[in-house]
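Have a look at the structure below, then the notes.
Letters A, B, C, D, E and F name the chains as they come in the text, with residue numbers starting at 1 for each one.
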């Protein structure tokens, strides 16, 4: 059976962020802040921005980034059909090397859909 | 003065596509077909899909892909504010190595805005 | 002791593919189909195509893709000498960042050679 | 009309290599040497190795590397059918971001085929 | 003869930055600001930071970024021997796909050395 | 609790290197040799070279490479302030997709600082 990837992911993220904060100076903190600001509601909705973050992360094949944006998209009310269309674009843009990441993206999405977590 | 990048781009693209078609078999043609299908209207609008293609292309730093999606976004009625927010996400996701591509993205956008081309 | 990477890999791949199929529409299915067609016998042999897929995957540092192509190359009768020469090209093209992937490639190859699996 | 890309490419390569040699020490020279050795005849033919170098370069979207390997493949007697199948694998592995590079690959190939250069 | 790459680069950069500023909002401006702050004197010298920026840019094969850091390294008093050692690391880490960028890096360095520009 | 990543990493590296050596020919061995030579004391110190290797590895998002260079930097006497500044450059150059790798870099550094290992 596949382990619960969402719970393990959130727990590890928490632990690692504490370590990062222990060492980070102003520039790294500013980057983290900016990384949160660009996804805020504006001319584009937070939902569209979540999908943009997801597809960019899939194109760059960053598993942790993908999982984070999958969770955010689920919270923003993205439907399974919308998610599938966004991931199809990421797949065509990034090619078959995105397939393993794309599998784990659907795995995380399925876990969220099945457990009703958001 | 900066040359008209849009016109030169479209002309070269045309010439090169003829050469590709001269040599391509069924699999390459199928890929090109799929590359067009994933951007069609569906659960997500063609406008949102254009932005997804743009940000994925910026993340992967593909100048020709960026220019193509900039032209498509302009045709789809994306506003300058929406474009700026999408490119800000691409910049934060992909880092400062996307800056040169991001400059050329705004250059192409500016040319389209100034000439009213779409 | 290193765990059996091939068995675990095949089992997880199976489970994840079921999840992907649950959500995928026509475009994603077409991509998967195309991803299988390009490796079929043609002007180039399936063996040469397996090596091409392997080296492209090593260059892009995609562990799951590498493992898949290592298994396919073994099935196609690639010898250890041929594999070493192909991986040397991938190493020089992609640089030292491919070394960790290249280690896991030889690990999977060694498992196949030792167990006689194909 | 598209300019002769092969001639310009070879001329610039020559000029730049002289500059590199003016500054390079032993390690860079060793790397260049190794970069030539991995493509030599061995368990795999120089033709297969040329195709491996080409597909790895397409996957990594390196135009100059692609052009170099296109010229080498032409010298090694690769046919247009073999080239098309190898580039189809590169396209599927690397996705639509490889399309601009793939266009320029066929452009260089076409120039070689038309002029009979090798 | 090879054109003066430094002058053309600086002129185009200037023109493009004006276009970027015309469209950019607060987040993009913050990123540009941060991109300048991380290279300032601190626990590491501006010279070491220039070399770090250069090698990261070579690894990611970003020509404009490389040229910018080559100019900065020259201003910071990096010697040709130091530059060669840093570029050798970038070459080994990033592999032969960095060679075309590495050639253009030495070309820009040579232009700076020959003209005494900084 | 997070497992000891350094110990597990060193042990697996050892086991995998034995497998690589079982299959590798002269070219792969030469590459490994060169990969060690470029970090030796020269015009630049081993400490600066360690930081260059680290930032290039972060830019290319190679976890094993990052961990290796974190261990080497710790041995070379890099301070936490110097490390933070180098990682801030890698973060800005490579963008938010480097964050998960950057978290694991600080985790490994923290383990080395806490246990006094080098």
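By definition in this document, contacts are C-beta pairs under 8 Å (C-beta built on N, C-alpha and C of every residue); 3 or more make two chains touch, one makes a residue touch a chain.
Not measured: the values here are computed from a predicted model.
Chemist: Taking each chain's centre as the mean of its Cα atoms, which chain lies farthest from chain E?
Modeler: C
Chemist: Which chain is most remote from chain D in terms of Cα centres?
Modeler: Checked the centroid distances; the maximum from chain D is A.
Chemist: At what distance in angstrom does the C-alpha mean of chain D lie from that of chain C?
Modeler: Here the centre of chain D sits 23 Å away from the centre of chain C.
Chemist: Mind checking the centre-to-centre distance between chain A and chain E? Centres are C-alpha means, answer in whole Å.
Modeler: Here the centre of chain E sits 31 Å away from the centre of chain A.
Chemist: With centres defined as the mean C-alpha position, give me the chain B-chain E separation in Å.
Modeler: Computed value for the inter-centroid distance: 26 Å.
Chemist: Can you list every residue of chain F that touches 2 or more other chains, as numbers and ranges?
Modeler: If we look for residues of chain F contacting two or more partner chains, we find 27, 31, 34-35, 38, 57, 59-60, 65, 81, 84-85, 88, 91-94, 96-97.
Chemist: Chains as vertices, touching pairs as edges: which of line, ring, star, complete or other describes this one?
Modeler: It is complete, because no pair of chains fails to touch.
Chemist: Could you please specify the touching residues of chain C with respect to chain D in the complex?
Modeler: By the definition above, chain C touches chain D via 34-35, 38-39, 42-44, 48-49, 51-53, 55-60, 65, 79, 81-82, 84-86, 88-94.
Chemist: Could you list, by residue number, the parts of chain F that touch chain D in their complex?
Modeler: Checking each residue of chain F against chain D gives 27, 30-31, 34, 37-38.
Chemist: Help me check something: in the complex, which residues belonging to chain C touch chain F?
Modeler: 2, 61, 80-81, 83-85, 87-88, 91-92, 96-97, 99-100, 102-104, 106-107, 109-110
Chemist: Can you tell me which positions in chain C touch chain E when the two form their complex?
Modeler: For chain C paired with chain E, touching residues are 59, 91-98.
Chemist: In their shared complex, at which residues does chain E touch chain B?
Modeler: Checking each residue of chain E against chain B gives 12-13, 15-17, 19-20, 22-25, 27-28, 31-32, 35, 57, 60, 62-65.
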